[in-house]
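Below is one structure, written out as structure tokens, with a few remarks after it.
A, B, C, D and E are the chain letters, set down in written order, and residue numbers restart from 1 in every chain.
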Amino acid sequence: MLIASAGNVLVWMVWIVAAFACLGSGVAVVSFSSPFYSALGLIGNLGSLAVLYLLLSAEFVAAAQVLVYAGAVMVMFLFVIAYIGPRSESPWAGGPSWQAVGAVLASGAVFIEIVVVIGLKASGQLSHSEHVDGTFGTPAYIGRLFLTDHLLAFEITSIVLLVAAVGGVVLGAHSRRSAEEVPSL
Amino acid sequence: MVWGAWICLLSPLVAACAITVGGTHLSRRAAGWLATSSCVVAFAGAVASFVGLLTHTASDRQFISTAWTWISGGRYQSGLSVIVDPLSVFMMLIVAGVGGLIVWYSIGYMDGDDEERRYFAYMALFVFSMLLLVQSGNLILLLAGWGMVGLSSYLLIGYWHQRPTAVAAAKKAFVMNAIGDATMALALFLLIQQGNSLEFGVLGGDFSSTVANLVALGLLGGAVAKSAQIPLHTWLPDAMEGPTPVSALIHAATMVTAGVYLIVRTHAIFEQAPKVADVAAGLGAATLLVAGLIALVQVDIKRVIAYSTMSQIGYMFVGAGIGSYPNAMFHLMTHAFFKALLFMTAGIVIHALTDEQDIRKMGGLRQLAPKTYWAFLVGSLALVGIFPFAGFFSKDSILAAAMAKGGAFGYILWAAGLAGTFLTGLYTFRLLFVVFWGEPSAFVREHFHPLGRDVVAFSLAIPVGILGVLSVVGGWIQFSPWWHPVETWLQTVAEPIVSPASWQEWTSIALSLLLGLTGIGVAWAIYGAHRVAVPRIAWAQRTLEHKFYFDEAYDALFYAPAVFLANFLRRGVEQPLIADSGRDLGDDTRDLGGIVARAQTGLVRTYALAIATGVAVLAIVFVIVK
Amino acid sequence: MTTLLICLPLAAALIVWVLPLNPVSAGSLSLLAALAEVGVWIQLVVRYDFSKGGLQFSEQHTWIKDLGVSYHVGVYGFSVWLIGLTVVVLAAAIAYAFWAGRERTRAYMGLMLFLTGAIVGVFTAQDLLLFYAFFEAMLIPLYILVGVWGGPGRLGATLKFVLYTMAGSLLMLAAIIAYGLSQGTFDLVAINPVSSDWLFLGFVAAFAIKAPLFPLHGWLPDAYRESSPEVAAVLSGVVSKAAAYGFLRIAITKFPGPAHDFRVPILALATVSLIYGSLLAFRAPDMRGVVAYSSLAQMGLITMGVFAVNDLGLDGSVLQMVNHGLVSATLFLIVGMIERRTLTGELGRLGGMARGRPALATVLLTAGVIALAVPLSSAFAGEFLILAGIFQRGWGWAVAGAVAIVLAAMYVLRLISAVLHRDVGPAVSESALDLRPAELGVTVPLLVCLLALSVWPAAITQHSFRGDHGAFDVAEQFK
Amino acid sequence: MIALLGPEIAWYLGVAAFLFATGAFGVLLRRNPLIVLLSLEIMLNGANLALIGFSRNLGDGGGQIFALAVMAVAASEVVVGLGLVVALNRKRITLDVDRLNTLRG
Amino acid sequence: MIPRPHVDWFALAPVNSLLVATGIALLCAVLVPRRGRKGAAGLACALGYAAAFGFAIALYVKSPHPEGVVANAFDRDRLTALATMIVAATGFLTVAVAYRERAREDHTAEYYALLAAAGAGMCFFVGANNLMTLFLALEWFSISLYILCAIDRDRIGGLEAALKYLVIGSFGSAVLLFGSALVYGATGKLDFAGIAAAGAQHDVLLLFGLAMLIAGLSFKASAAPFHQWTPDVYEGAPTPVTGFMAAATKTAALVVMLRVLVTAFPANAHLWTVAVAVISVCSLVIGNFAALVQRGVKRMLAYSSVSQAGFMLIGIAANSSLGGQALLYYLIPYTAMSIGAFAVVAARERELGVPVTFENMAGFGWERPLFGVAMWAFMLGFAGFPLTGGFVGKFYVFSAAYRHGWTWLVIVGVLATLVSLYYYLGLVRAMFMRRTEDLQLAPIGGSPPREALLQTVTVTCLVVTVGSFFAVQPLIDLCRHAVDSLPF
């Protein structure tokens, strides 16, 4: 009992740290003026999210998050930023434009609405979570699901990645005759 | 007999079509002869019908021949039918006979005109229309003929279409007549509603007095317009813009008397609406006086005769209005003779003076054209009603009938008629003296050229001669105190509702002769012998010269408002409201489009904002509404 | 038979479009097709059993089975005459276009033939949706015909024309959908009359714009002025009749109740159109204006006849549809012929054309006097019946009609004298020829039709509704 | 069987909502396409957190699978997005989405 | 041993044939020499689409009863089959339109590979039976389209369009995704039938998710107010791709919207019918009004596609079998008209070498009568004139709305049609009523070659546009059987 409640307190503490890191890094991403710092913020965000995933018994997802996202995707980001050179932009300069006001209002509204909706539900279904067994979220568990119930999703994901790869080739490759101007149609 | 009527009706139409289609393949003279001979054929047909009717007993003299159903609407239908009865045959004879003479006369009169063929086609068309009017077996065909004569009259008045005055006069005539057509049509609508038929028999039906009054008023409207009676008379003097034979044929002998025919033909309804009949008589009396007065100051030879026509038709209206139908018809016939004669002699004068019509430039023609003078004199005497000329026999019996009608109204009509007789004598002989007496004026000496001895002259002279003879002897067929074959002939169709006593006849004869002669005498004193100066009363002169301001009044009352209204609608409604409003609406829509398109900023952030807003709104509505 | 009538011109249009013909053979082929269409129509008249009346030569094929829509065509007694009007006027228009020589002959002729088929379709469709389809299909060639071969202001004119017309038609489409679905069928013969005011107004809106009635005639002056004469002839002569036909076939027979309730406002609009059109025709500065506004007036009159909803009015309006169709087509063609010679339609610059041009004068005069409904003409017969019919609904309407007759005399005579009479106008040169044989060949047949109808108007009035009890039943309900 | 320790799912969802809104805010506000892409990632991450939260709440693995798939998709989008940015950069175009407004109206 | 689910290869055959085509085309990029590359890849792509079309027909015939395949992730039913047919036909025609495009020769093979991949994604999308496959398939074809927009990297407009499309598209996807998450959270299910069966219709999470799903799908269907990317992307993308997007994307998005709403949210119909109706009205109003002032033809067509989406949404909003039939029927002439119209635009573009505006369409109708007449027919079809299937389509959607009791929606639709006439007929006016002399441009390279492919495509589209007017009943039967797979 004591262990359980101690575990609970521990989880709470971890959650608080991770959640605030997550929120803070999220805000940082959108508010840093340099894309470089934003990208770093995103890494923090992904990391803290991985912790949250762990708390939710999603071990494999958390691992994938760190490996795929924080590893591969962010590297690509940083690489591109480095390639084109970081350009700073001051999002708040020049006083609030109607676009900025709209942005605050719209995203604020969405946030508040979701929170209210969750709050409405908080005492119901969301207040007690199902008990899961130890295999929940393990790689084996995920792998089984991928090969049975979600076989198709698994396959499609690969196709999406393939398409993206083709896109990367098409868009990123140096054109062989970039100097010549070809009629643009 | 019935076939005679059809031949009579159709032969002028055939001629008209043939001339139109023939075009230049037909020589000008041939066109003239074609038209004339078609009238002769028509006359022959009329005679055949007349003879045919004579072989039947008096009570059995009505035949209706229907070719086919001309028009129908549900249960209402009317045939293309002609009626052969004493009244129609009477009119057929006059129309075809006098018409034929006048067309013949035209061959001479119109000789050398550019578009003779057109003229003769129109003339033939007119004769057809007039015959249709008098022969039609039901009211709608009557109305059809009514309109067709209006059309041919329009065509003929405006024959010299390069003259703006002629065109304007033609239009005026047509529009005035159209007003009459319209009122007549309304009367027919009412008849259809009441009786679902337009046969003549329906008029004898049992109508409420309102209906009878309205129908009679509508018909009277048509009659008044066609016969140029007050208040729809103003077109007739202007119509003198047409060639003189046209004036003789249409505006003297036949068409303008159609109103009288109409009243006689439809007398059944007028007898059910005595007040309207009185109105007809009253209008006739008013017209005969007004026209007589205006005629006194006219300086155009044809206009004087035109006003005299109006005045004489006034007599006929009085006769028809008081129910003395045979007398009205009889006067119609004699009037056809002498008025055609007058116009044709006037035409010869005009022809001889190279188309001059102003009597102030004329004078002394008696010496230059004695035969014309004598013909004109015969016509004038017949017009004034001097014994033994035609007018004497017919006019006086109308006056007697007015007297016989009795009552204050009857005597007023009678008095008006008598006063008219005096005026007739005065203006007729004013014209005669001014034109023919005295020394030839400078203008006459310069321009007069006598007729030759060619076809032209013969075709001018022979019809005049025939009409001259008819003007002398034509009246003798009826002398109401003693013999009345016309009345007997028309008895079965139009039984007179007044029969004057013998003393009334004689009183009227005596007084009207006396007054007619007085009029002639006064004219002689002023214009013939120049014993008395022309009396000058400025305001009266002005009023008469302006024809009692009828034209001005109509202009101000109807034409000007119509034009004003039309212009107002064009500038004030059509342009701003109808034409522009559509465009404005279109422009506004496009502007709206511009606003919408401006929301498309090209900025990706705005697009995202729109989506976010959409989601926020949609979600909150869903959650709230559930 | 009916399908043949619809499809013959459509097929001919396709052939003319597809085959690479030279202008002369394309024109001759089209004319031949138009004349063949007239021949088919004559066959139709001969074989239609007028003593039996009712729907004949009907053909029905499934089109949209689920919603009760079918290709159902057939001919009523009165539609025989409207079809006749269509084929005759279109043949004349095609002949004139051929003679006058239009650029891009194949396209032009094909569109005219297409138009023929569409209009015949309108008059024969016995299914609401099919009717609408043909009603709209008319607009397709007209848009191009006016917009491509029209005068300098053609672009604005077509736009206005199409937008006005479609505004009405689309409301009608809404009404058709509501009506057909609520009744479970779109078949015009089988569908039950209803008493919905809104549906009725939807239909009336379409027809009132197409006819047009005041104040919905904004498209009319421009469209009639800017289109080529033969197209204007078809527009005012035939296309406007589709609206009157709609009033007759749908508005009053399928909506007896609302037609009764709205009779006074509709008659008022019709009367205003009549008087307003007449007055504007009287002051219009050009020939086309006169004919255009007189068309407005005449459509008002025809509408009055239809909404009299009695035997007289209906018979009269059918007759008058044919009359006005023929006469206004003739007038527009003559206007075109005069414009070819003088390069203007302004009355102020014309005049004195009668002298030395007897054929022109005769033709214009004949058409003119029929247009003003001189008694004994078929137009008179039509107007007489209409007004006699409307008289029974209230004498005031007939009086207004009678006033308009007088106004008609005024504007037609003004037109005639401004063109033919008085001094020679500045735009009229001595070298302006009389009508050529080909031009006579176009106008005279139309006039002959009119004269024949004048001799026997009962040909139409007696052979329109006999045995067809639909209209009479409605008339009964009004009593 | 393991019960959920620590905060209830609702808290996780709150974080998810905040992330989603923050990401959206970034897209709406930022002009640098790179940062816009990063913001999009934040949005997707928010959604992923929600999926995994629900997955845990329901004890159903579907949400996790979904989240994994989303990761792959996000990676794909990034690849294409970065490719576009590079291509634009090669055209010497200022990296500012507000300058990309030749297509409008 | 993991029990592998049964894979119904036949059901996946259309998708697979397109995937094979993608693969072959990609191989061509590597293996075939430069000269033959375009032909080989194009052929592969075309064959892929043809095979997909054929398989779809077979599927339609063989799948009278709907069933979920591959662990219930994909629907094998006639709705899928019909939608696949439309998409496959569209893709096939697009290949033909694209083939002669004057573009640099760099990435032709990839071009056709991506075209096939996008088509495969759509074929998958229309058969998606759970939220996950739905999202993934959406991304699949969206990403393909992003790349296709920018395939010609020298065109700045293309890049701009692609970036905009990507940003906004991902934003929309994220919304859709979050919505899916909420629905999943509320019901615990990802598959549509399960969502419907969970009985959570009053759950606020579900409602919120539904709202986001509707927004996300409306975005793909380019319905207002989620449409703003449409004009920019349509204008910037290569014309054949634009045609493909206008026709196929819209088909896929609308069919899926119909399926999702009807299958997964029947109990919330009172909400989403109204929402869809409102979105449809917005589309009609905004699309039409904005189109009024456009000068560029592609841009006008883009706005017109917004308003057309509005019309088709009416069919969804009706929430009835009739509405479904109306939508599916409408799609047939609509896709033909879209492809055809963009093919004509492409033809003019290749003549002039500049973007096509109303002004430089002057005289086109007379110079190229086939294209002119076809364009005329397409415009009339968009405007809902008879003799084109557009008329019957409008008739059907209005009928559906009326049956649903929404006469007001019919009125709005009617008024929108009226406004739309202005620009549709405006294009006809530009083509036929303005003279060539008004044109201030000299065509590049003299008289353009007669393009048999473009002409064939145009004629095909013309035949479908006009033919669907006459052959209504067969097509409606086709659509009715397809709609029968949905639980109305």
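Here is the rule we go by: contacts are C-beta pairs under 8 Å (C-beta built on N, C-alpha and C of every residue); 3 or more make two chains touch, one makes a residue touch a chain.
These numbers come from a predicted model, not from an experiment.
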- Least hop count linking chain A to chain B through chains in contact: 1
- Message: What are the mutual neighbours of chain B and chain C in this structure?
- Response: E
- Nearest to the mean of all protein Cα atoms is the Cα centre of chain C
- Task: Could you tell me which chain lies farthest from chain B when each chain's centre is the average position of its Cα atoms?
- Result: A
- Query: For the chain pairs B-D and C-E, which is connected through the larger number of C-beta pairs in contact?
  - Reply: C-E
- Cα centre of chain A to Cα centre of chain D, whole Å, reads 5
- Note on the structure: Per the C-alpha centroid definition, the whole-Å distance linking chain A and chain C comes out as 71
- Between chain A and chain E, centroid-to-centroid distance (C-alpha), Å: 31
- Item | Distance between the centres, which are taken as Cα means, of chain E and chain D, whole angstrom | 26
- Task: Would you pick out the residues of chain E that each touch at least 2 other chains?
- Result: 132, 136, 139, 143, 146-147, 150, 153, 156-157, 163-164, 167, 171, 182, 204, 208, 231-232, 293-294, 422
- Query: For chain C, which residues are shared contacts with two or more other chains?
  - Reply: 159, 163
- Task: Scan chain B for residues touching two or more other chains and write them down.
- Result: 586, 597, 600, 602-606, 608-609, 612-613, 615, 619, 623
- Query: Which pairs of chains touch one another in this structure?
  - Reply: A-B, A-D, A-E, B-C, B-D, B-E, C-E, D-E
- Can you check the complex and tell me which residues of chain B touch chain D? 597-598, 600-605, 608-609, 612
- Okay, in this complex, where on chain E does chain A touch? 2-5, 7, 19, 26, 70-71, 73-74, 101-104, 106-107, 110, 113-114, 117, 120-121, 124, 132-133, 136-137, 139-140, 143-144, 146-147, 150-157, 182, 186, 203-205, 208, 238, 349-350, 353-355, 444
- Message: Please output the residues of chain A touching chain D within their complex, sorted ascending.
- Response: 4, 7-8, 11-12, 14-15, 19, 22-23, 26-27, 29-30, 32, 35, 38-39, 41-42, 45-46, 49, 52-53, 55-58, 60-61, 64-65, 68-69, 72-73, 76-77, 80-81, 83-84, 87, 89, 91, 99-100, 102-104, 106-108, 110-111, 114-115, 118-119, 121-122, 125-134, 136-137, 141-142, 145-146, 149-150, 153-154, 156-157, 160-161, 163-165, 167-168, 170-172, 178
- Hey, which residues of chain E end up touching chain B in the complex? 163-164, 167-168, 171-172, 175, 202, 204, 207-208, 210-212, 214-215, 219, 225-226, 228-229, 231-232, 271, 275, 285-286, 288-294, 419, 422
- chain A-touching residues of chain D, taken from the complex the two chains share: 1-15, 17-26, 28-32, 34-35, 37-39, 41-42, 45, 48-49, 52-53, 55-59, 61-62, 64-69, 71-80, 82-87, 89-90, 95-96
